[in-house]
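Letters A, B and C mark the chains as written, and numbering starts fresh at 1 in each.
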């Protein structure tokens, strides 16, 4: 598969939890700018591990070893400060997690608050309004910006978390099963949102829901037991996969 | 074995039944065209009954395929199998239709001696067509690419035979100086019969192409 | 009588027995409160809060002339306030950081040690803690009984409770909260201070209030450290009064003994109110 405009490049990436046991083996992939790339595979195949290796979330656990290279716009992420990396690659998690001690307003600019970046009130207002409009939440919350974020519904909370991530204007948005905990209507709204957001950001989404991958992704990766088995255009992979294991997964021969 | 696999298996079972009926239609044609003493009436009745059954199958199987796609969202090989099956059912129904057309034409022939005159090439054409149809259907049912390729290659041969029969009919009219309306009518019917057989072969080729789509994921129609 | 009727009757009897015996537990608290109110409420007036404890002489004179005993427990109230506040200032930061350590690095050797020591501290008798504060503060630091020594003893008593509630409140938070903060590029310390602690605030606050209400009534450690005083003293290096100490002094004095009821009632009400506030706050914040 030919990627013309790669923004994220993964080369020979290996992640191991203990000596000799690899959760991710030799992954090589380039991710196209302004696309949605889905990572699928059965449980335990390494897809979340791969995602978290991109924004160096594994740094918290000294026993985890990473080999290989991950670059965004040719900058090696493992050679710069991890906090800088996490501003280049934002992450949205499975369970919506707005900060309970902060208001909706503060949640959106939490990235700036937590990094000690001081902004004028006008700048803050502008960022909050822009990000909430980008996630289609502005109209619903503009009159209660100073209420706590946890009073929103699950789908709204997750959109708030997405707003929080995009406020820092990252290059890449990493999403770890962002709609697993939501009902189908909220899921649909977020999928529509992602299709809009991909115009400005590059999105990598881990999902165990094949229909979701089919609906929204441009390219898909299939992982199995730590290997990147197949990485191709979604339409092609879902109608005519090249690898037998992908075929077996797509036809439900192993979950 | 989950609900999706059960649904797909049921569709394939129905497909096998209807494809067998279709092959029966074509093989009965052989008897009609070549055997002068055949009990035409009972064969016609049987073929018309089969045609009804095949029509019903077409509708039911199509509906089942749509339901399966809606409910279970099959992907990759399974999706291609169902799409090909849908196309093939249409061709099977058309083959049966063409067979009924052929018996209508046979009925309108008053001068059966002309029909018997052309029995040789007709039988050859029918045999070829039958084996093409059978090969195409089995390439789908048994997932065999070779049978499909063979069927596609033989299409040209059947075309040639049909052209030859047409030429021979024209020749016969001129040589035997046939001028009566009923005789000319019979010759025209014989021509129509052979072109209908050629169209059955075409449909068999279409079945083979659909089968290749299922097996390889490549759409080779019109190439 | 049919077996069904017999079984229904047995069930009813059992139910009444349970209700009856469990209501026995209400008797001690009920009778305590009743007794205290009965005997103590008449003593509680404005001067109760404003004036210092009367001396034996004043009390004797009042008794012989049939008047009510003058004075109040102002020195005790101020003393308790100062000692408990100082104890909180010492115990809260140590307790919270201890709790953070236990919650964040649950499995490390340091954490096991801290956990072990905290549990031990919980079991040490309060009078022993008083002795330790005597040895550490009374002798070397303040060369004499002092409010500071009292606060140290009380702080050690508050520590295990604060550590444990902090640890549990933090552990109850979902891990994705910490991950979300880190994923925004925050440093570890910022994450703890600006996200984890504020989010666990209700649990923390409840723990602190409960610890305070626990030590407010402690007497034994104060006997060996603060000693007691007849005046309102704002100098923490000098001896200080406290409400429980006053109760003890009143009890030992034949002329002042009537004052024990009002002071006990006041102390009890204070502790009860703190407990109720703690519960209300924890319920209000728990809605999240």
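In this section, contacts are C-beta pairs under 8 Å (C-beta built on N, C-alpha and C of every residue); 3 or more make two chains touch, one makes a residue touch a chain.
Keep in mind the model is a prediction, meaning the values are calculated, not measured.
Student: If you connect every pair of chains that touch, what shape comes out? Choose line, ring, star, complete or other.
Tutor: Graph shape here is a line: each chain touches the next, no loop.
Student: Per the definition of touch at the top, where is the C-beta contact count highest among chain pairs?
Tutor: A-C
Student: Please report how many Å separate the Cα centroid of chain B from that of chain C, as a whole number.
Tutor: So the centroids are 95 Å from each other.
Student: Measuring from the mean C-alpha position of chain A to the mean C-alpha position of chain C, what distance in angstrom results?
Tutor: 48
Student: How many Å are there between the centre of chain A and the centre of chain B, using C-alpha atoms for each centre?
Tutor: For chain A versus chain B, the centre distance works out to 53 Å.
Student: In the complex of these two chains, what residues of chain B are touching chain A?
Tutor: For chain B paired with chain A, touching residues are 2, 4-5, 73-80, 217.
Student: Which residues of chain A touch chain C in the complex?
Tutor: Touch list, chain A to chain C: 55, 57, 60, 83-87, 90-91, 93-95, 97, 99-102, 110-111, 113-116, 148, 150, 161, 164-165, 168.
Student: List the residues on chain C that touch chain A in their complex, please.
Tutor: 174, 176-177, 179-187, 190-191, 194-195, 198-199, 201, 288
Student: Tell me, which parts of chain A touch chain B in their complex?
Tutor: 210-211, 214, 238-241, 246-247, 250-252
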